[in-house]
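You will see two complexes here that share chain A, one where it goes with chain B and one where it goes with chain C.
Let's look at the complex of A and B:
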C-alpha cells in the first residue's frame, strides 16, 4: 500500500460550498444541546489551560518574587534566559532525553506488542499486559525514590547483583556519563506501558485478511511487518510518539529525585529549572520565561510531527 | 473553515462578543484578588504557626497547643505542620502559602532562611525583647551567644534560637573495634582522620565505606572549608547588636559580637577552598568515602547502624535517629570534627520568625516567649531529634538511654571553639546552595576537575550574589 493509493489528507473541494441556509429550530436545538455538553470541557480548558498560559506569558514580562508587587521587566527575563548557561544546558539535556527516551520507549513497546500479538495463551497475555502497564499507574516520585536506593553506587542492590558476577560497581547516578542513561532507563521502564497498550490496540485493528493475502503472495514474517504491520500501525505510532515527546519534554520527577539534576548539570531538565527558579530562587518572572520557551518548543516539535506525519502516516 | 467570506452582520456580532468578553475581563481584573483566605472556614482567626512537619510529631504539637492555650486561653492557636523533605523544600511550601494569601503568622526557620526571611518577610523582635527583658534574662543566660548572633541580621534580632546542630563526627564503635583503632582524641587532626579511614578500609569488606558525607550546605563540604580556615563567601559581621549583648551577656561573652553575620564576596577560587576540595577528591579517589551525591540523610542511618559506614558528620539530632534504628548507646560515639588549620565547626540553628504580614504580632510574640520556655522546650525535644538551644537541657539523663557517651560534645562545640559559626546563608541562599551542590558534584567527578569546577563556581556565585532578593 502506498501513499498515492490512500491519500493521507482528504482533498479540499475545488469550490466553496454554498452559504448554508438558516438552520431550522430543530437544528438550533441540537446545536444548543451540543454546546451544553461541550461547555464544561470548554470552561475547564479555558480556566485551567488557556488562562494559565496567558498568565505565564504576562508574568514572563515581570520581575516577581511572590512577596513584593510585580515590576515590569520587558524582555529582561528572556535575555537572562538566553544567556544563562544552566538554562541552555537544561534545554540540551531535555532534547537529548526526549530523543533517546522516546525512541527507546517506542522500540521496546512495539517489540513487546508484536511479541504478545503472536500465539500465546490468553491468560499469559493478560499477565504480561498487566505487568507492562503496572509501572505507569505508580507515582513517578515513589518509583524514583526506590530506584535511587537500587542504583546507589555504594549500597545499591544493582551493584551488589553485578558484583556477584565480578563486575565493578558502576556509578549509576554519580557519573556525568551514566546518570542520564540511568534516568532514561528508569523513565522508559515506567512509561513504555502506555505506548505498549496503544500498539496492542493498533495491532488488533489490523484486519487478518491483509496478512493472509500477503502470506498467499509469499510474504515472510519480517516482510509482512515492514510492508503491512508498520504502515497500518503508523497512526498509532504517531499518537504514541506525540504523547511520548510531549511527556518527555516535561520530565521532572525522575531526574529531580534520582540525581537532583546532577552531577553538575548533567541531568538538569527544563522543568527542573522552572521549579528551581520559581520555588527556590523566588524568580517567578524568569521561571515563566523558561516555561513559555518550553511551551513554544513543545508546540514547534508537535507541529513538526504532524507536518511530517503527512508523509509517513497511512490511514486505511 | 470552508467559507472565508464573513457577512458584515456576523462580523459585527463577533465584534460585540469580543467587546463583551473584554469588558468582563477588565471587570474581573479590577476586583481584589481572591486568595486562599477567602475560602470559607480557612481563616478562623487563629494564630497560625508553620513548622517543619517532620520535626514535630503529632503528640508534641498537641502538647504545644494545649500548653499555650492554658497560658493564653484568649489566643486561638493552629499549628500548621508542613511536610517537607528539607529546609529548602519547607521554604518553598511556605512561600507558596504566602503567594496564595494564606501566610502563617510565625514560621519555624533554620539558619538557611534566617537572612532571607529577615530581609523580605520578618519583623525584628528587638522592641519586644527590650520590653520583656526581665522575663527573657533566664533564657539568654541559658543560650550560647553564638546561636543568638546567628539569628541577627544587620543589628536586629529576628528569632530566638530553639535548637541547633553542629557538624560533629559520629563514629561506629564496632567498625573501630574491627579496625583495631582507638577512639580519636578531641584535638585529632585531618591526617589522623585520613589514617583512621585507611585503617577502617583495610579491615572492611568490599561493601564497606569508611566516610559517608552528603552533598548539601550543612555537613557537606562546608565543615572542611571551616576546618581549613576559609569559607565559601567572605565572612564578616554587621555592626550593631550592642543593645542585646549589653543587656543579656557578661563582658566575656560580648567580646567580638556584632549585629549578625554578613556573607558577601564569593571566594571559591581561593587556595584554601581548592585545597579542601582536593582533599575530598583524594578521599573519593582512594575509595575512602562515598561520592557526595551518592547518599542522603535518609539512607545514612541504615548504613551506619549496620556497620557499612564508619564515620559521618552529624549533629545531636542523630542520637535520636540511631536510637530509633536500634543502635545501643555503646555502639557509637561522637567526637569533634577534626582539626586542619583550625578546628572551627559549622552549625545551623532554628527558631520562630514573625512575619510582617501577620495581624497578630503581639499574640505571636507571646507564642515565641512561650516556645522559648524551658518546660515547653523540654516537652518539645524529648527524643533527641535535635540539640536544644538551652545548655541546661543537655544532661546525662537525656542521653542515658540513647547515648552517645560523649554527649557533652554537642554543646561544648560552641564553648571549646568560640569561632564556631553558622553555615554561610546570605539572603541569596537558595541560589548559592544550588551552585555549591552543582559544582561540588562536578569538582569531584574526576581527579583534575577541581580547578575548572571551582572557577565556574566562582562565576556563578558572583552572579548569584548580585541578584536582588
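Let's look at the complex of A and C:
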C-alpha cells in the first residue's frame, strides 16, 4: 500500500479522534482483514484521483493533442491561459457566479429554514420541507432543458407572467447581463434546498432553553436572530458556505445547456473551458493548466474561508 | 425560478403565523412550479404545447408526446443503461464504503491515520480537475465509450467511506468484545455482529449514490461517444437538439420519464437522502 498523501487540506472540523484508545481486535487476522477491506477504496482513489492529480500537473507542462507525441512546453500553457481572453473571462464569470449564487442560496435557505422553524402543524412542516428539498433530486441537465423553455424570450412562461403585471419581455438567455442572472437563478433554484436542509438540521440542534432564556431577558424578533440564532448557527453556516462555494466553482450543466457559454463568453465558466479545450479542441495541455488553476483557486478560497471563519464561527 | 423576491428575506418568526405560512406556500409553489408545468405541458398535444396562459390541468390530456419520445430516442435502451450504471455504482459504493468504513472505525493497522487523511483529502478534489487524466487512464484500459468506464471509477467514495466510518464508530464496542471473548475472529465479528447493524448507514450511501449518478451528466458527456451508450440525461439533451423548437411537449415528456425513478427514490428514500445530506454536507 502506498502512503502517498495529498498535500495540506485541513480535514473537516467535525472529525472525532481517529484511533480508539483500547483496540478491541489486534492480531494478524485483523491486519489482513483491514488490507482486504481497504484495498478497493484505496486502490480506486489512488488510480482515479491521486495519479490523475499528478497527471494533470504533468500534462499542463506539455503541448499535447493526443495525435502527435507530447512536446515539453514549460510554462507556456500557463502563459497562454493568462493571455487568453476566453480563459480570463471564464474565471471572472465563475467568481462572479460563485459570489452571487452562494449569497443568494444561503439567504433564501436561511430565511426559509427560520420561517419553517416557527409554530405550525407537523404535517405542514414536512410538506414544506419536502417541497424545498425536491429540486435536489432532479438532474441539473434536464432541469436546465425545462428552464430553457420557461425563460424563452418569445414564448416562455416567465415573460408571460411578468407581462401580466406590465413588465416588458426580458431577453433572459440572449442578452449578456440577463444571461448570467438567469443561469444563477436556475442554479440557485435547484441548489438552495441543500443549504436549507443543513440549516434545518442546525436549527434543530439549538437547545430550546437558550431562546426561552433570551425571551425572558426581553429579546424579540430580529434581535433574537442576530444576537442568538445566527452565532449558534455559525458552524452550520460555515459548512453550507464551504460546500456551496466548492460546488459553485464547478458549475457546468446549467450554462452548458441554457446558453452554451454565450452570448459571446458571458456565461462561459471555467469547467466549460476545461471541457471545450480538452474534448472539443483536443488541447490536453492547456485544459490541464486551466484545471490546475481551478484547483489552486478552490484550495485558496477554502483556506481563506477557514481563516476568516475563526473570527465568526462560535462552537457551543 | 424567481426565488430572489425580496419579500422572502422579510419572512420571520415575528410575523403572525398565517403570514409566515402564506409566504412559505408562495415559495413552495415557486419551487415546484417548473416541475408542475413540465408534467402539465408533457400531457398536451404537441401543437398546444406553446399555449399561453399555460394550462395547468390540460383540457385534452394526451400521451402523444410520450409516444413521440419513444419514436425519437430509444428510451428503453437509455433507461437500461442508466439503471445498469446507477445500480452497479450504488451497490459497489455500498460494498467499498462499508468495508473501508469498518476498517477505519474498528480495525487496527499501520498507516491508518495517513490513509484516512488521504481519503478525506480526495473529497476536496473536484472531478473536473482530474477528468483529462482519468479519461486517459480509461482509454489505456480500453474503457472509454463503455458503460464500465462510467462504473468502475465511481466505486470508491470518499464521502461514503467517511459516513460509514462515523456509522461504525457510533456502535457500542462491547458487542465486538463480547463476541471476541466467545472466540469469534475479526471476520466473524464484522460479518455477524457489526455488518447487520450497518443497514441504515448503507442505505444512506446507496440512496445518495443513486441520486447523484442517475442525474450525472459531465462524465457521460465526456466518456460516452456512441449513442447506444448514452444515459438518460445525455439522451434528453440530444433529444432537445434533434427537435429544435419544434415541439416542447415531446422534450418535456422525456424529462418527465427520466425524472420518474429519481422521484421514486425521493418518495422511498427521502429520509436516508436527507440524513446523508445533513450529516456532513456532501461535496457534490
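What we mean here is this: the second predicted complex is superposed on the first by the 269 of 316 C-alpha atoms of A that agree within 3 Å, B and C clash if a C-alpha of one lies under 4 Å from a C-alpha of the other, contacts with A are read in each partner's own complex, and residues count from 1 in each chain.
The rule is simple: a residue touches a chain if its C-beta (ideal position, glycine included) is under 8 Å from a C-beta of that chain, and two chains touch if they have at least 3 such contacts.
Quantities reported herein were computed from a predicted structural model and do not represent experimental measurements.
Visitor: Of the two partners chain B and chain C, which one touches more residues belonging to chain A?
Guide: Chain A has more residues touched by C than by the other partner.
Visitor: Scan A:308 for contacts with chain B and chain C and give back first, second, both or neither.
Guide: In the superposition, A:308 touches no partner, neither chain B nor chain C.
Visitor: Please indicate which partner A:157 is in contact with in the superposed arrangement: first for chain B, second for chain C, both, or neither.
Guide: In the superposition, A:157 contacts chain C only.
Visitor: Mind working out whether A:271 is in touch with chain B, chain C, both or neither, as first, second, both or neither?
Guide: Second partner only.
Visitor: With both complexes superposed on chain A, which partner does A:280 reach: first (chain B), second (chain C), both or neither?
Guide: first
Visitor: One more residue to check, A:65. First (chain B), second (chain C), both or neither?
Guide: First partner only.
Visitor: Give one of first, second, both or neither to describe whether A:149 is in contact with chain B, with chain C, with both, or with none.
Guide: both
Visitor: On the A-aligned overlay, A:175 touches which partner chain: chain B = first, chain C = second, or both, or neither?
Guide: first
Visitor: So chain A touches chain B in one structure and chain C in the other; where do those two contact lists coincide?
Guide: 16, 19, 149, 155, 160, 279
Visitor: In the complex formed with chain B, which residues of chain A make contact?
Guide: Residues 13, 16-17, 19, 65-68, 149, 152-155, 160, 163, 171, 173-176, 259-265, 276, 279-283 of chain A touch chain B in their complex.
Visitor: Mind listing the chain C positions that touch chain A in their complex?
Guide: The contact residues of chain C facing chain A are 1-4, 8-9, 11-14, 17, 20-21, 23-24, 27-28, 31-32, 34-35, 37-38, 50, 52-54, 95-97, 99-100, 102-104, 106-122, 124-137, 152-153, 155-158, 161, 169, 173, 176-177, 180, 185-187, 189-190, 211, 214-218, 221-222, 232-234, 236-237, 240, 248, 251-252, 254-255, 258-259, 262-263, 265-266, 270, 273-274, 277-278, 280-284.
Visitor: Can you list the residues on chain A that touch chain C in the complex?
Guide: Touching chain C from chain A are residues 1, 3-6, 9, 11-12, 14-16, 18-20, 23-27, 29-31, 33-38, 40-45, 47-53, 55-56, 59, 104, 107-108, 111-112, 114-120, 124, 127-128, 130-143, 145-150, 155, 157-158, 160, 185-186, 188-189, 192-194, 197-198, 200-201, 220-222, 224-225, 239-240, 242-243, 246-247, 249-250, 252-253, 257, 271, 274-275, 278-279, 284, 287-288, 291-292, 294-295, 298-299, 302.
Visitor: Within the complex, which stretch of chain B touches chain A?
Guide: On the chain B side, the touching residues are 2-4, 88, 92, 95-96, 98-99, 120-121, 206-207, 209, 215, 290-291, 293-295, 299, 303, 308, 430-431, 434, 437-439, 441-442, 445, 453, 467, 469.
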